[in-house]
Every structure is written in C-alpha cells, then in structure tokens.
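Sending over a structure as structure tokens; questions will come in a sec.
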C-alpha cells in the first residue's frame, strides 16, 4: 500500500487501462510531454508514446469529435478537456452527437469513449474555470456521468469508464487533486452505478458527490456531536444512478439533504429529490432540503467563492432546520 | 473529355449509381408530398456525380461521412434501398429502425458512417475515425462530404487543421451548390471559393472540380484517396454543383434566378454522363437497361416501404446503451 | 381583433419592438429576405432594411457572440438560432459568456439581448432537430428563460424580453407555429415571471409550458368528466419563476403534476418538484408526479415520437394514479 | 529604424506604458508567489510592445477585447492600477469588485471591454461590438487581442469571416508568442504563421509585425485602425513576440530551449525602445524619471491592495441581473 494523490490516481488509472488494452488512447491539450495542466497525465507519454498519448491544438470540437470518430472505428479513446467549463465549447459534439448516435442509428454505432475533465471550484479561478457542470451531462440522455471523490475510486471508476461500451463523462474535481489515500498495488476495477455509504447513520441521509463528500462527512461529525446520526452517501456516478441505495437509506432515515456544487436550478439534487418524493414519499418525515451553490456565476475572490460553495456549516444548519 | 483513367465498366457503374440515386430521390420527393416520407427531406438531385464519383473510387472499408443531404452518399456505398426508404418513411424496416429519420442515415456494414444533421459536426468525427484506422493499421480512408455553408462553421476549421497536422487520411469534399438554405454562399464569405480558398490556411492544396462531371470527380477522388492512403494526409476538394430542387421538403427554391437554374439543369450530371457514354459508343440499350432496372428497384423499395409496419413501440426504449436498453438507474 | 398564428405573432412582436426602438436589430441564418425557415420573421427585412435585419453565415458562435458584443455597445439585438438544438453549437458563448459577464464584471456590462430559437418536437425531425432544451438554459445562472404557449403571449413576452435589460432565451415551440388565436390590434406588452392559470381547479395542480399547456388542458377536460378538478398553470417563463402562483395553487389542491417535454433527468419539473417539496411539503396529499419525455434521444418515426412526448392520456393516468 | 510617423511624445508615452506594464506585472508575479494575488495569473511580460503600440493608436472610445493574459491591455487603456491589482488580489477595491479575478479584467469607462478566459470566445464579441458602433454611428473601432493558439479554435474562424463579410471595423491582433500553454504552436498547425497564413481565407491581407518593436506595432496599428474606421473592414495582424515567463502562475517554462529564451530576452521590447530613444537623443534623465514614476505608482497600488478589505459578503448575491440582484423567482 502506498499513499497516492487523487491527481496521481488519474494517471495510474489511465495507465492501467492503456497497459491492458492497446486500443486505449489519450488526446488533449498539453496531455503528452507536459503531463497535463493539472499533472494528471504525467508519465503516460513517456510510457505509451506519441501514437497513444497526443497533444492537440486548442480545438475542443476537434478533440471530442475525433474521439467520437475514433470510438466508431475500433479505439477506446479518452479525450481530455482541461476544464469542465470547456464542455460548452464542444457541447454540440457531446450532447447532440456522442450522446445520441447509438440511439439514432438504431444501435449500429457503439461509442466506448471517455471524456475526462477537471470540474469544480475552490481555486479562485473565477466564473469560467470553476464551474461544476455534472448536471449538464446528467440532463442529456445517452451519457454516463462519473465523479469520484477518492484516489482509489478514481482508479476503479476510470477502469470502469474505459471498459464501458458507452460514452462516459468523467469529472475529476480540481479541489481534490492533492487529496491522498492509501491505495493497494495492482489492478483496481470498480463498476459504474454503485453509490457508497461513507458514513452509516439513522436520522438523516446526506447525499453528496466529489468534493462535497468530505463536506458532508464533516457535517456528519458535527451532527454526531449533537446527537444526530447522519448517513452520508457518496453517489460516485450520476448515470447510472444508484436509486436503490438512496431510497433504501431514506426509507430508514425519513430525511434527506442533498449537497451539490452546481448552481441551484435543475441540478442533480433536484432530480434526486423528485425521485425520492415520487417513490419514497410516505417514508419522508420532513421536507427534503437541497444545499447548493446559489444560482449565480462563481466569483473569483476567496471570501466570495468560499461563501458560494456549500460548506459543512450549511449542511449542519440544513439538517438542524429540518422539523 | 473522357478521363483516360476510368474504364468503361466503372463509367457504367457510376452512371448506374447516379440513375439509382436520382430515381430514389425523385421517389422520395413524391412520397414526401404524399405524406409517406415524414418530417423533412433534403434532396441531392443534381449533385449525384459527386457521390457517384467518390463512391466508385473507395474501397469497401473506406468510410463515408455526410450530411442530412445524404441519401445519395449512403445509397451509393451500398445501403439497401428499401431500408433507406423505410427510414425516410419512419418504418420498422428503416435502416435505423425509424429512429434516425431522413437526416440520420447510417449503414455501418457498408461503412456509411452516418449522415449528420448539424452543419459541420461530422468533420472532426471523420478525422477521428480515419485516425483510428491509422493506429489500427486498417488502411482505411474517410471521405467526408459537406456543403458550402459548412465552411463557415468553427468545426470545419478545427477539423481540417487537426487532420492536416496529424496527416490523417481523410478527404474533405465540399459540395458547393452555391446556396445554404435560401441564402447564396457568396453573401457570407469574403472569398470566391468557400473551400478551395481556405485550403492554404491548413497547408493544403486548392482543389476545385466540376462536380457535375462524374469522371472528373472520380479522377480527383482516386488521386486524393490514394494520397491519403499513402500517408500523405488530407485533401480538401471543392466540387462545384447545384441542387435541382429547393433546400428541403417542398421548398420551391424561388430565391434562385431562373436563368441560373436553367443553366445548371442544362448541365445535369446524368445528361452529361449519358451523352458521353453514347458518344463513346456505349449502346443505347445498355443505358436504357440500367435506367429500367433502377426504376424496378425503386418501385420495389417503394412497395416494400408502403407495406412496412411502423416501428415496434418497444423500440422507443431500446439502444440508448450498448446493452440494448435505456435504463439510467438500478 | 384578427386571427393570428403563433408564427405570425413572432414577427409581429419583433416588429412592434423594432418600430419602437431603433436599437433593436435581428440577425440569424436566412432571417432576412427569406423570412426565416419557419417564416417567423417574414416582412421584417422589407420593413426595417438590411442594417437591422441581417442574414449571417452558418456560424452560431459568431451570431450569438456578435449579439453579445452588440448589446455591450448600445444595441438591443435579437439573434435567431434556427433550432434550439443548435444552442449546443454556441453554448460557450451563451453559458460562459453571456450569462456570466454582468456578474464577473461587477455589474459593469449590461447585456440586453434576446436569443430566439425554435424548440420542441412533434415534427418527425429526429434527435438533433426536435429537442426541448429550455432546461439547459434554466440551469445556467444569468439567463432569463421564456417559452410562450399562445400567439398573444408570444407578442407580449417578446416585447418584455426585448425590453428586459438582461439576456433572455426565448423558446418558440415548433409544434405551435400554426396555432391560431384572436389577438387585439395595437401594442401588447407583457411581463416576465408571471405564470397564468389556464384552467382553475381544486383537486390537482398541473404545471406545463409551451406545447405541453394544451396537453395539460386536454387532460383537465378528461379529468373533469370523471369528477376531478384540475388546475392548469402555464408557467410561460422559467426564469424568473413564478413560485407564488405555483405554491399558492398547490396549497389549495395538495397535488402536483408537472408536464414537460424535456428528457426526464434534471428538467424544470424536478426543480419545481423540489421547490414545492421544500416549501409546500405539509400541503402535499400525495407524491408529486413528473410526466416527461423518457430519458432518451428523440426518435424520428411518427409512432415513436408520439409515444415519447407526453400526451394528455399520460397526464390523466398520472393524476388518476395519485393516491 | 525609427518610424517616421511616430513623434517623440508618443514614443515616450509608449515607453512609459511599457514600463508601467512591466513593473505592474513583475509585482503581480511577486504578489502571486507571496499569496496575495489569488488563483492564477498569466503575465504578458515581454509582450508589452503589442499592448503599448496599439493603445497609443486608439481613440479613447475605441474598444479593447483581450484574453486572460490581459493585464497589459487593460492597464494601458487607462484602467486604474490599484483597481487592477485589487482585482488580482480579490479585494473589494478590485475593478470588478473581486468577482472577476485575474482572468476577467474589465474597465468599461476606459473601453477595456473585458479579458476573456475561454480561448477565442471574445473574437465574435469584438465583432458585434464594432458592428454596433457602425449602426449607431459612433466611429468606434474594436481591437481584439488573442494568442497564437487561439487561431485553431472555431470561434476564430467564424468571427474573422463574419467581420470580413460585414466589413466590420475590428482589428484582430494575434500575439504569437510561439507557445500555447506548454506546447509550441508549430506542433499544431500545418502552416508557418498561425494568423497571417490564414488571412487569405477571409479575403484579408497577410500582415506580420515585429511585436517587440513598439514603433513598428504602432505603425501597423495606426494603419489598420484607420482602415477600419474608413469602413474598409477588418485586418488580421500577427505580432511576433515572446513571453518572458511561463504560461501561468509559477510555471518556469522549462519546455522552451534555453537559447530560444536567451535570444528573445535579448530582444526585450523595453530594451529596444530605451536604446532607440537614447540613440535619438532623449535624455537618460527623462527616461529614468519615467521608470522611477512607474515604480512609485506600482508601490502605491501595492500598498493600497495590501490594505484593501475583501469584498463585502453581500456582493456574492449582487449583479447577476441589471436590477443589481440575483433573484430568479418571485
């Protein structure tokens, strides 16, 4: 067991899959010799060479269009978008082409590809480099959506994403890159669609994702001190969504708080709320509360950004306000 | 005027292709007016020579990417006519099971890798597919067709540049039919040739071909495809042509000057081709037989389509995912 | 009073505002001499000339980028995107630039502009020309979102959108273009953020938008026959959202059904459900039910498309299943 | 080598501008290392002559659009230095109240219409702003700066084409500093000059200027801006230059060959300019005074920034909408 950062886990996960399958390739801006702007692809170019690890022009539509085409013709490509905000610059390829092609062709075309991208705030980069946009991807039928919160999940879910025969958008959280964890040597393969209970509890269910998981965990610690037993669920993937774990938990706790970094409207918190209301209504002992970033662009200044992104204090307060 | 490099059987095959495309689309138009073909339809009537000239120059494993105006291209790569017509009519027999519709014809077994309904989007896709062929050593070339109007969208620029830099085996073919939907291309570019005058921006040669002369198209197709296959990278070909009908559906195309339309109808690629075959001594009977056979094929596809059932309702929820289903939860 | 189609109402609404304010201009593909692919801009070019009504190249980023720049420098531009699906081709300009610029500049830049676009299914155009994507816009802070259901609302809300000092995405529903209504002569100016109760009722609240309003109304008629009194609310604008009307209605009926054309996940139905759960929970007598398009791309074939898009039968069934 | 057209006072003003930009950015770098400047920073050190040459040729109402590497451009249009530094440091005194940050400097009163953090996005915006000026008869020109890497993104292509077709008064200025983030531009284009070799695709002249020679830049700026103002349409200028530091933050720029860096440091635009002023007989004292004044200005801005409070928390929820607030519901 060695301590591994989330950042290094990205490279390890990709390397594991490239080693296994010669059809796995990686393209993106500065991903090769430079090892990526976040150093998440370090060593891959040296190990797998220029055919399989390639720098591109600043042409997001070409990058993501090219991996789509490559997936149509036998590769299992990974394309990097430096920042998830840049999904907007190739959204047509992602939402209109990649997501829909299998369906529109009556199943003729498989698109086993992964779009990796750095998501989320906390780095004072301002409104165009700090967004959490996993809800954009979730809203589009035909995309799987993954957002790991720990180094070991990064590896296992990366493997699952690369092996999945469907297009996967893989959100790496910028704020977590430096996070460390003991991770065993050897192959790690996880599966998409399974949430994890990070902290079992009986009074309230707190659902979180990516950087919000530790926020929820901190809240659970504080709540425990005041006698409230909070169950923390790390969704890990939004599509497929592990509604079983979710509904089962709420059926025990009767209370639900969602904690998401997206701006407020139409986030995955709303989706989960709606599912639980429709299917678990009679278990609910209190209104479901969503803790989200307000419906504003993200500000750059530290003091403002910290106010904007959900904090454990906000989660604690939300739970305490229930009932 | 006859190309030295094209033998008679190829020339006849191309003529046959053009006739089949023509007849198919005329029928599609009639069926649209009749309400059998649904939604919309974008006909390539008048542009058949581009599709035929390239199709004849491609190996079976070479890949075609085209637009909503893609009936010709898909048919001439070998897609079964009843399945194409079934798709236009939204039938179970459709090549995409009725899910794609007129603007989304795909026939993977014949390497017709899709018609794309969003202008320009398929260019980078064609690049990626061709690049994958290089990495996998399949010796495939992508041929990617698009309109004059598509040369102004960002994806065009990104794709051609990437292909040029990576020396990807793709042939970009701009079918310049002088119009976007209703607006002339000349109104929205500051150069004369929307594709050819942009080639140098990507270090490519400027290539213009008479898109109504199937042999000229075939020559340039052979040359650029072989160049690509040799690993010398992409080409950008501008084929000058004209659509006989309006942009889509029942558009009468009134925004085009009568004399312009008349001049281009004079230069109908089928007429040019047939005259040339005759001048070269091909028997009128041979040509007539081609035409008759085509009509039989179209009639039979029409019959099949009229008799075909709608898609099974259960297919609404299939094929979102590779497991065949559409489930997004457990 | 003359009968006016929804299609003609678009042109009338724009003309009304262009007449009033010389800074209102319109650009887009084929909007000038051709009068637009849906004939929604007919006559404007002849009336206001080539400086104010302009055809563009097929360059959605340039179209929407140009109206953003024009709005920064004193115009009140309207940009047309032929199909709302094409929002994806310029999503960066819409979501990252237009929506965020006022906030990121600390209020220095006002962007009084309107993005008009044809939204929605029912025309057998297939997955890339039939989407309902008003939820994409709603999910981005900084955009107002309008989607009228009647000719007279088209005019009044167009006026409100053009006069609004903020960026507005204005969804015209393709399926409604031929819809007719008696509309009075003279100026019509409405306001953003006010829902309308199309049918008062007391047993259940049905919330709908655009083409789904008539679906909800039909359902209300059927329900009335079986003794269920359904209140139908036409939201008309998603941002600002008239939560007052909504919450007040649910407080009376105790039941809520949302009817939306978006694919299922993260739509505005989920948002409204979440708001009502958080703020009106104790009024609810039954789980809230969302009727949506399934989470699939839209198929082209008539039989499939009709199955996909919510029908009045589905709405009736949803109401009947409640409780 | 001295441009005949640039008078001494302009040359001194441009020198002053370059010194101020240089000193401001050196300080920004120090403050970044110290943790006062937050998030990230993209310095234009070494590229000052492009900003200074153009700024000096613009009328006050002409509009500047630039990138995240936009300190120079914004400062030299007249933005107050303490407000710029305050923005980098995320203070209440920041020009955007701390909401924008280093990559989003905007100063509307001085017609610095924004730094844009997404590559290429501002090009169409600059076109629209200039077009609005034409319709409103304001006689304004937009000058739009971007990097070599930006020439490969779709928005570049769409914007330059639209401007050329509509003859919009915009000058597109590519600051070709040879690198994108860490990858050389030469690796991702198939031509030599990323901007100049694309000009003809839009019917524009190919223009290359020594971006480290402020007078040469000024000459081309005057020419292209006046051309635009006369209604003759856009220009695309490629200014060859080099960034002294890495791409952003503390990037040491190790991917660049030492001799290349050394050669460009030799050609520091400030050194070139100062030498030339001295050769032309400007007193050393005059130049020294400019430099001393600049340092005083920077020190004072630094002092102000260190003492400035963070933004008022209430501003988190302001200025989403024109009414000053952020409410999305009633």
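Structure notes:
Order as written gives the chain letters A, B, C and D; numbering starts at 1 within each chain.
We adopt the following convention: contacts are C-beta pairs under 8 Å (C-beta built on N, C-alpha and C of every residue); 3 or more make two chains touch, one makes a residue touch a chain.
Owing to the predicted nature of the structure, the values given are computational and were not obtained by experimental measurement.
Relative to the C-alpha centre of chain A, the farthest chain centre belongs to B.
Compared on C-beta pairs in contact, A-D and A-B come out with A-B as the pair having more. Annotation: 45 Å between the Cα-based centres of chain B and chain D. If you average the Cα atoms of chain A and of chain C, the two centres end up 30 Å apart. Per-chain Cα centroids separate chain A from chain D by 36 Å. Between chain A and chain B the centroid-to-centroid distance comes to 40 Å (mean Cα coordinates, whole Å).
The residues of chain D that reach two or more other chains are 94, 98-100, 104, 116, 118, 121, 152-155, 158, 161, 165, 187-189, 315, 320, 326, 328, listed in rising order. Listed for chain C are residues 56-57, 59-61, 85-86, 88-89, 92, 96, 103-104, 126-128, 141-142, 239, 264-265, 294-297, 299-300, each touching two or more other chains.
Chain B makes touch with chain C in their complex at residues 38-40, 87, 90-91, 94, 98-104, 116-121, 149-150, 152-154, 180-183, 187-189, 255, 310-311, 313, 315-317, 320, 326, 328.
Against chain A, in their complex, chain B makes its touches with residues 63, 94-100, 104, 106-108, 113-114, 116, 118, 121-133, 135-136, 138, 140, 142, 154-155, 158-159, 161-162, 165-166, 315, 318-324, 326-330. Residues 152-158, 161, 164-165, 187-191, 197-198, 200-204 of chain B touch chain D in their complex. Interface of chain C with chain D (complex): residues 23, 25, 51-52, 54, 56-57, 59-75, 77, 92-93, 96-97, 101-110, 112, 141-142, 164-166, 193, 239-244, 275. Residues 85-86, 88-89, 91-92, 94-96, 99-100, 103-104, 126-128, 135-136, 138-142, 239, 262-271, 273-274, 277-279, 281-282, 284, 286-290, 294-297, 299-300 of chain C touch chain A in their complex.
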